[in-house]
Every structure is written in structure tokens, then in C-alpha cells.
Amino acid sequence: MSVLRLGFVHIRVTDLEEARNHYTNTMGMKVVHEEPGKLHLKCWDEWDHHSLVLEEGGVGLVKLGYKCKSEDDLVEYEKAAQQFGVRTGRVSKGENLTVGDGVAITLPSDQRIELFTDIEYGGTETGALNPDPWPRDQRGIAARWIDHALIPAEDPATVERFFTEVLGFHAAERAITNPSNPELLGSWLSCGESPHDFAVVKGPNAKLHHFAFFLEDWNAILRAGDIMSMDDVSIDYGPTRHGITRGTTIYFFDPSGNRNEVFAGLGYRTGPDFPTISWTEDQIARGIFYIQRELNDTFMSVFT
Amino acid sequence: MSVLRLGFVHIRVTDLEEARNHYTNTMGMKVVHEEPGKLHLKCWDEWDHHSLVLEEGGVGLVKLGYKCKSEDDLVEYEKAAQQFGVRTGRVSKGENLTVGDGVAITLPSDQRIELFTDIEYGGTETGALNPDPWPRDQRGIAARWIDHALIPAEDPATVERFFTEVLGFHAAERAITNPSNPELLGSWLSCGESPHDFAVVKGPNAKLHHFAFFLEDWNAILRAGDIMSMDDVSIDYGPTRHGITRGTTIYFFDPSGNRNEVFAGLGYRTGPDFPTISWTEDQIARGIFYIQRELNDTFMSVFT
Amino acid sequence: MSVLRLGFVHIRVTDLEEARNHYTNTMGMKVVHEEPGKLHLKCWDEWDHHSLVLEEGGVGLVKLGYKCKSEDDLVEYEKAAQQFGVRTGRVSKGENLTVGDGVAITLPSDQRIELFTDIEYGGTETGALNPDPWPRDQRGIAARWIDHALIPAEDPATVERFFTEVLGFHAAERAITNPSNPELLGSWLSCGESPHDFAVVKGPNAKLHHFAFFLEDWNAILRAGDIMSMDDVSIDYGPTRHGITRGTTIYFFDPSGNRNEVFAGLGYRTGPDFPTISWTEDQIARGIFYIQRELNDTFMSVFT
Amino acid sequence: MSVLRLGFVHIRVTDLEEARNHYTNTMGMKVVHEEPGKLHLKCWDEWDHHSLVLEEGGVGLVKLGYKCKSEDDLVEYEKAAQQFGVRTGRVSKGENLTVGDGVAITLPSDQRIELFTDIEYGGTETGALNPDPWPRDQRGIAARWIDHALIPAEDPATVERFFTEVLGFHAAERAITNPSNPELLGSWLSCGESPHDFAVVKGPNAKLHHFAFFLEDWNAILRAGDIMSMDDVSIDYGPTRHGITRGTTIYFFDPSGNRNEVFAGLGYRTGPDFPTISWTEDQIARGIFYIQRELNDTFMSVFT
């Protein structure tokens, strides 16, 4: 396991100032760098330079960056990806602001991910010397960090296979049509101990379903919902509990229509020996929205 | 203020055994008396003999019982009700199991309420000597008490006037069409310090919208939602926050289709000098479901 | 029951600027009026003009103000108090800022309380038209309201009798030496539906043990504790749960040494028919600090 | 990182039946195997055969078992440990019930740890097919898993060096005398993403300070505290917040005097690139008990 975590999300937004307002005043991120048409932001508990890049013009995913442990790993991942048969390329230091050399991969489902090891250190807002447990002057929802992303894919099984065989992820949970002759409908994949750092569900290629901000617990989810109401944020679904991952959640949209999630709770601690959980097709609605056991239309049909 | 609280709810259920399972195993009530076609139940933190009567045959409200402080008050309420112009009658001791003499009133919107002062003392499950804060052997959702009921009325203003002028309630919150020439759409009325012991909204006469169980807090709401999923309870809406009362909530149905609510949170402390809160028509969805700011169809159209 | 609630607490502080910092930046109150040597403050969810008066010079209680429903009640309370045999006097409109005529009473234990009905209306910070559940720009602990006060008395039984017989309070909980031949050690008295608006325990006359700020729930208690650490507030005891009232709590001191409490949770709903809970002497430590079942020295010996 | 987590804790207890009652009825574990003088237990969310071994006779630590990813790793760890200069040995399959071959290491501070890769699979109580988020029939505190252990050492720096250099742990937080010429007072070490899987503080060799059970959140901590009071468990300290790890906590003793902790909260997500947090000596009390900023005597002096 040398992929450490989702390092950054890079998306397009139709209006940069509306997006700035949403991600700073509502979500509580901080702008760490700005240039014409582009903003770099981070959450208060993240120590890398940034975790979100907003680029003006359109909507949807540009790419996901996954941080890895060592440069040797990058080389191995590149080789394994080529053997797997996906398109790869090199990313030079500085192409991503403050980020070192990396490897670009076009997933079998056509989204772009980039692997990197170096990024400028920014430090968390509580610091590394006798820190308080949270910063006194929090903004809005005060999201702690960007936690995971979920993408749709016409063939989720191949994407899952890529993440497990090439990048060493393990599936914490899987949704399948039926146990006897299963077709994969979705997979929640971890590169460490949290339930998912990446997930894929059946849907159109080259799109994003959502990326998620981590919150402390169910109380923080309520507070987030209150702030979304105060700030007129468009809700997709929630608050509720996920069966899959046990997390608690609200799905909502940024002003451009990119879907965000606030996700809370260390549901369980996973790892390479974690017994992968299976959800059968008849129970998938319960797996997604555990309390209501029903899926709403927008959640199933809106991708950006 | 001598109406103390909602004392009991008496409803019809289509199947008594399904209802028993719902109100005991899911909601956590205890059967305190049973006879053919009828069950009397109470919650663990209630000390009166019962708070819920289930009668087999059909669905919907039979009556609401409000407990009053003194018998003198009953006489005064009866007189005032007659002057108000509603139908009243006497209830003899024993007509309601273990309940003393009372006054029956047909509301202007045709629901029946009964006022009483005496009911057999049952004691809470934690007792009155060196009690634990909660009983160790809780069942299911472990609802604390029945808290309030909401009824629809073709003319909610007259029902509100009845509760304030005759019974001494005060409106904690009111929903109106617009501030300049207001028509009343709903009123949340308190006989003491909690935000509401009774509420009325525009809708058909002679029906019930829901009655609510009190839970400790937002965490208990999540736990309740989890149990509803485990027990295949049909959810109407939630979990969410109310703007009106600030409470947190899930609406759901018992197996017969009577709507229940779990309601949590001492949003504020009201009283006769509480400055009544107004909600204007354009903000009512936010008043009802604060986070989502949208009303679902069933919530607005299903009455029993 | 026409005493509505604890209306204001008036205390002495050694340094007004330190006290201002504590009650505003840490506790989250707002200064509504200031004059040389004196501050008037209120919490965000209180609608009366003020709930706390700080007077420079010394430490300890000046008086407690209890708000009543009607002026007729004031006259009756005055008469009953005189018959009870305590010293009473009249308070003229304006003696307390924005407060109307009132009655002053010297308790049998020598603390001064004042009863009043009128006080200037200030409004809560969320307002009375389509309000949010909490104000977006909260300060520090963001206490909701001042909830109750506890005083020591050499003869708590007489103080209890005064509050029940003269002012119509009811004892929600009582601590006694032993059930067979009980001596009263403490009484938690309510004028409405909350577990206590006033409490008395055995101790020296003419002193204050603490006054309490109401918070939403156990999560707000943790957040309050965190802020006390950030602001170097001196902790007396907690966080913990009370057996008595079921509330959750932290006791701490303002910079002058006056003991404050943050208290959370609607443990139960009381009323005139509430079955008074008894705690026996051997269980009192558990009644006070339910989890630890031990009392600390300062809690038992520091009065101001 | 191929040490996965703390796999089991093996301790001595003076009375096996008292211990059984504590770890099952109070803590919520389940006995998975019993034989004369010995019990094997697991928590509801653990899938390995057991996580706790109780052996009758005395009190204190027998050994800690850390689960590793592969047998190749065991060989490497053994070699590295020998080079480090600690005593090592081989553990044969079956010496620990259902556990495969392993490596025993005597730490520089004389506690015994064992590394292993195989242990019989037991499954969690919610299962791996369409699972509920928690088991409906929970017992007592319903601890989720055993999370970490803390040992004292005369020379904590050498123990820290052993865990980082030999076993690949990284220090999430460190307590030092002063930044300019630091002596190590304590180290909180992670083998994955949680703040600590092992910790060491200055103290006597060959002893245990505590081992900890993981709970969901601060609400679960309160519920645990309530149950400890109901079951007359001896509390050492808490509930409170840790500055170090940000976790919330209660320390308490099992009937034999072994110290347990309930620990909650995913304070942050660590990893090899986590910027190690330093606590200076003057702030250590705040680091340990963040709210109170004071250490109690028993916490500092009782080791078993």
C-alpha cells in the first residue's frame, strides 16, 4: 500500500466567484493561491499545499490526484498501468502548482488520475506544536479534509481491477447483481484503513459523481445541513446514513452543479485482511441510503 | 396554564399484533394492559398508567387526552368551551381505563379531545429513588414519552383561537400567508414550556396528521432511523431539522398507516411571554424541513 | 405557577474587563448596556433585555431576579412571604435597568431575590420572523440562556418550604439523609417544566454556589470544554453527567472566582404531578457526579 | 507498513468470573473460547478469532500481539529486531489459540510482543452480506474493537526507535522536555492511518499502562460512563478530551486493577507523511487531559 490518499480534486466551475464563496464561506476551505481563472484551496486539517483546484469554464472533473509514498512506486505503477493497457504519461514538476513529477493515467472509464509524491508543505491550521483540537476561528461547515471521490464507469469491474491490481487498493465493499452469477455494480476501494479512498459505480464514462469532505460526526452533519440552508445550497439527498461504509452523509451541489458530499464517521477500520462486504442488487437502495431504503432520481442520473 | 400536557393518544389500527410489534419492539413502549381488541401502552419515562391506546379496526384518531391540573379547571374549561360554541360532554371515571372523570370536547375541526386530571400512577422505569438516567434494558428506539400531536383543520384559525382562549395555550410559532393580510396556515401551541403540545395545520377536518415521540437528541434520531431500517418501517420524511420548533425529526408510519414522528431537542424554552415566531408562506417549506426546504407529497396529503 | 423563570443574576466581579472578556468571548454573551463599574449582558436565545449584571468590586451574589407572569401575583407573593416571616421590600421601576416594579425578598438563608414582571424586550439573535435555528455568527461557547442558580443554606428545608409554599415551586428531586427519618440535604425546585429553576443545598447562608448556562447537548458540553481550555478557564469539575436532573455538565470559575456551570439536556419534563425523586445520603455523590461517584473538595467547599 | 494493527492483548486477572462479567456485560465483548483458567474474547466489530486473552492469576500484561501482513515480513522483522539488539524467539502455530507461527520480541523495556500473520477468521457480528451498521442486540458498552495499548518504559526513546526503525511505525505525536535539547517523555506511534496503535511513556519497565477499546464518538463515551456507574466500575479519569490524538476518553479499571480506556473519535488521519506533533513539557497535562489541564495521581502512578 503506497498510495496514501486522494491528494487533490481538480474540477471546472462555471463562475469562479460563486465557487469561491461556496468552497470558502460555506465549506470552510481557505484559498491558498489564486491566479486568473483558477483557485487553489485547502481544508483546515490538511497539511499539503492544496486539495482542491477550481478552474473557470464549464463544469465537471478535470482530474484526481492521488498522493503516493515514494518515487520508486510511481515507476512501478506506471509500468503496471501500461501492462494493464491504459494510457499513461508523465507530469512534470510544476504542471500542478507546487507538485513534483508524476504519472498521468487515463482510467479504463476515461477519467484522468495523476499519481505524485511531492507537494509543498502548508501545515494544518492547528499546527504541529501543542495544538488545539480544532481552530478557534472556523468558517462555515469547517470541513476537515477531502476524503474520497466516486466516479461512474460503463464497466466498473475493469476499473476495480485496475485499482486493485495496479494500485494495490482493496475493495472494502462491493455491490453485485446477485451472489451466484455476479456482475459488479459498484466498488468502494481503500488504499489504507478508511472504508474508501475511491469508488466506482455503473454509469457513463469520463464523468464524476461526487467528491466528499470529511466531517467529525453526525452532529457535524446536522450543523452542515443547517449552514447549507442558511446559504441556500442545493441539496441532493440527506442527511442520512449509508449502509455501505456506515458513514453519515448529505449530498449537495456546488453553484456550478458539481456534486459534493459531507461524510462523517469512522464506520470501521479496514485493511488488506478486511473481509470484503457484499451488497446484493435487491438491497442496494438500503446500502446507499440505509434509513430510507429508496434512491432519488437526481442521485442516480446527475453526473458532471 | 393548567393543562399539563398531552396525556394519551387513542388511535385505531388495522391489525393489533402488527401494531403491538411496532409500538413495543420498534418504538420501545411497554404494554401495561391488554384486552380483546385493545392495548394500553406507555413509554419508559412516563409515570402515568398509559399514554397510548390502540383499538383494532380501521385506522386514524379516536381521541386525544390532555391532562389538567385540577378538577376546578375542568369545570371552567367546560363552561368556556360551551361559550365558545363547541360540543362538550362528560366522561365518567373508568370510561378510559384508570382515568377519572373528564370533559369531552369536539373541536371546531371535529376531532375529539378529552380533558382529565386523574389517572392511575404507574411510575417510570427508572423509578423515584436514586434513579439511573435511563433504564439498562431498553427496547428498540426507547422513546421517552409521547410529546405532541398535530391535526389538520379546514379552519386552523378557529382551532387556534379555541386552544388559546378556552384552554390557555400560547402560540409558540405561526405560519401565515403573508404579514400584511395574514391568513393562518398553521399554529404550534404550548401549554407550558416546550415549543408545542398541540399543533394544527390547514387540511381536512376530523383527521390526524401525526403524533410524536420524544427522543433525547440528534444522535437518538440517527439510532431511531437505523432501527426503522432494521424493522422495515415505512419512512415518510427525514431525518432532518425543523425550522419551526428547531427540533430534529423523522416522520414514519405504523403498520396501519398512522403517521408517527420521533422528535428531539429542547429547541428553546417557551412560556406566556415568549415572542411568537411567524413563518411567511414563501418560507414554510424551510420552516417544516429546514435543511431541504422542500415538502414531499405524502407529508402534505396523507391524513388518517 | 406564575413564576416563569430565573430572569437575571446579579453578581460582583473583582475586575470588570476580565469579566467582560469571560462572559462575552468565552461564554458568548453580548453586552447590552454598560456604565462605569457595571455591565448588563444577555445570551443569544434570550429575548429580555438582560440576564446578567456584573458589578465591579468583590465577588459573589448581589441578587437573583425571578420573572413572574402578572403584577397580581407579585402582590400575592409579597403577602405570602410576609406571612412566612421573611423580610420583604418594594423595588421601584428603574432600580434595575429597564425592569419594572418588583418585590424584594430576603430568603431565610439571607440571599436576596427579586420578583418582577416587566423588563424591556430585546429580542433573540435569531429573531421572530422565519428564524434560523441558531445565529450564524456565534461567539465562543454560545450559551443559550441562563438556566438556574444553586445557593447554599444552613437550613435548606426552610428555603425549600419557602419556594414551594410561597412561590409555588415543586421539588423535582430531593437529597435526604435517610428515608426513615429524613433531613433535607438539598432540593432541586422547578417553577415549570424543566428539572430546576432554583436549587438549595446545605452550606453557609448568604452565598452562591453557582449559576448555570444552558447548552444544547453533550456535544456542546465537549465544545465548551475545549473552549475553556483554549481560554485558560479554571475548571472545577466535569465534563460529566448529573444523576440529579440527568443533565450533563462542566463546573468552572469566572476570573473573579464566581462558579459557573454549563448544563445541557432536557433530562425529563417535570410538572406539578411529577413524582419527586429522592436521593439517599449514601448515593449523593452518584446523584451529583453520576459517572465518577465522587465529590471533589472545591465543589463542596467554595461558595462566593 | 506491514504491521496491520494491535491484534490481541493478553493479560492476567485475579478472578476470571469477575473479569468475564466486566469484559462481557460491561464492555460488551463475547467469549469465543473458554478453558480452565483462561478466556478468549472478541468485540462485535472484530473479524479475527479473538482480541483479548484473560488468564487467571495475578494482574498485568502477559503480551501484546501485533498482526502483520505477510510471513516474509515476519522474517524481516525478526532479523531487524536481532540487529537492533533485542531478544527474539519463535512462536509455533497453536501456542496462541488459532494463531499461526510468529515471532516473539522482548522490547527494550521488557514487555513481550508477538508478531503474527494468521489467525482463525471469526467474522463480525454484522456479517459481510448486506450488513446493518451495528448489531441489534448489543451488550453494555458495545465496544467496537481493541484499538491500542500504552506501555511505560524507563527509556521511551529506545522503544520509540525500535518501533520506527524495526517495525516501520511512525510517530504521530511526541512529548518532549523542551524543543531545544529534547528528551523524549512519550511517543504515540501508528502503523497505519489512525493516530496510534501503540504508545510509550516514561515509567517503569515491564508494565502496562492501559489498553483501549474503540467507541464511535463522544455520545458513546457518555453512554459508556453511564454504564460504568450502573456496573460500579472504578473510574480513573474522564470523560474528557485528549489534546494528544484529539480523542475523547474515559480511563477505568477492570476488577483486577488492569487499566482500560474507552477511546473515541477519528481525530485525524495520519500516515507516513503526517507532520509529527510535538508537545512540550509545560503543556503535557493539556496534551493528556485537554479540558482540565491537570493530571491525577493514579493516572501517573498505577501500572500493572
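Note that the chains are named A, B, C and D in the order they appear, and that numbering of residues resets to 1 at the start of each chain.
Here, a contact is a pair of C-beta atoms (placed from the backbone, for glycine too) under 8 Å apart; a residue touches a chain by one contact, two chains touch by 3 or more.
Quick caveat: nothing in here was measured; it's all calculated off a predicted structure.
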| item | value |
| --- | --- |
| Copies subunit C and subunit B - interface residue numbers shared by over half, same or different | same |
| Greatest separation from subunit A - chain, by CA centre | C |
| Between B-D and A-D, the pair joined by more C-beta contacts | A-D |
| Subunit A and subunit B: spacing of chain centres that average the CA atoms, whole Å | 43 |
| Inter-centroid spacing, subunit D versus subunit A (mean Cα positions, whole Å) | 31 |
| Whole-Å separation of chain centres (CA-atom averages), subunit B against subunit D | 48 |
| Subunit A, residues touching no fewer than two other chains | 132-133, 218-219, 226, 229, 241, 243, 286, 290 |
| Footprint of subunit D on subunit B - complex, ascending | 132-134, 136, 217, 219, 226-227, 229-230 |
| Of all residues in subunit C, those that touch subunit D in their complex | 218-219, 222, 225-226, 228-229, 235, 239-241, 243, 248, 250, 286, 290-293 |
| Touch list for subunit D against partner subunit A, complex | 1, 4-5, 45, 47, 67, 69, 121, 123-124, 128-133, 144-145, 179, 192-194, 214, 216-218, 241, 243, 246, 265-269, 271-280, 283, 286-287, 290 |
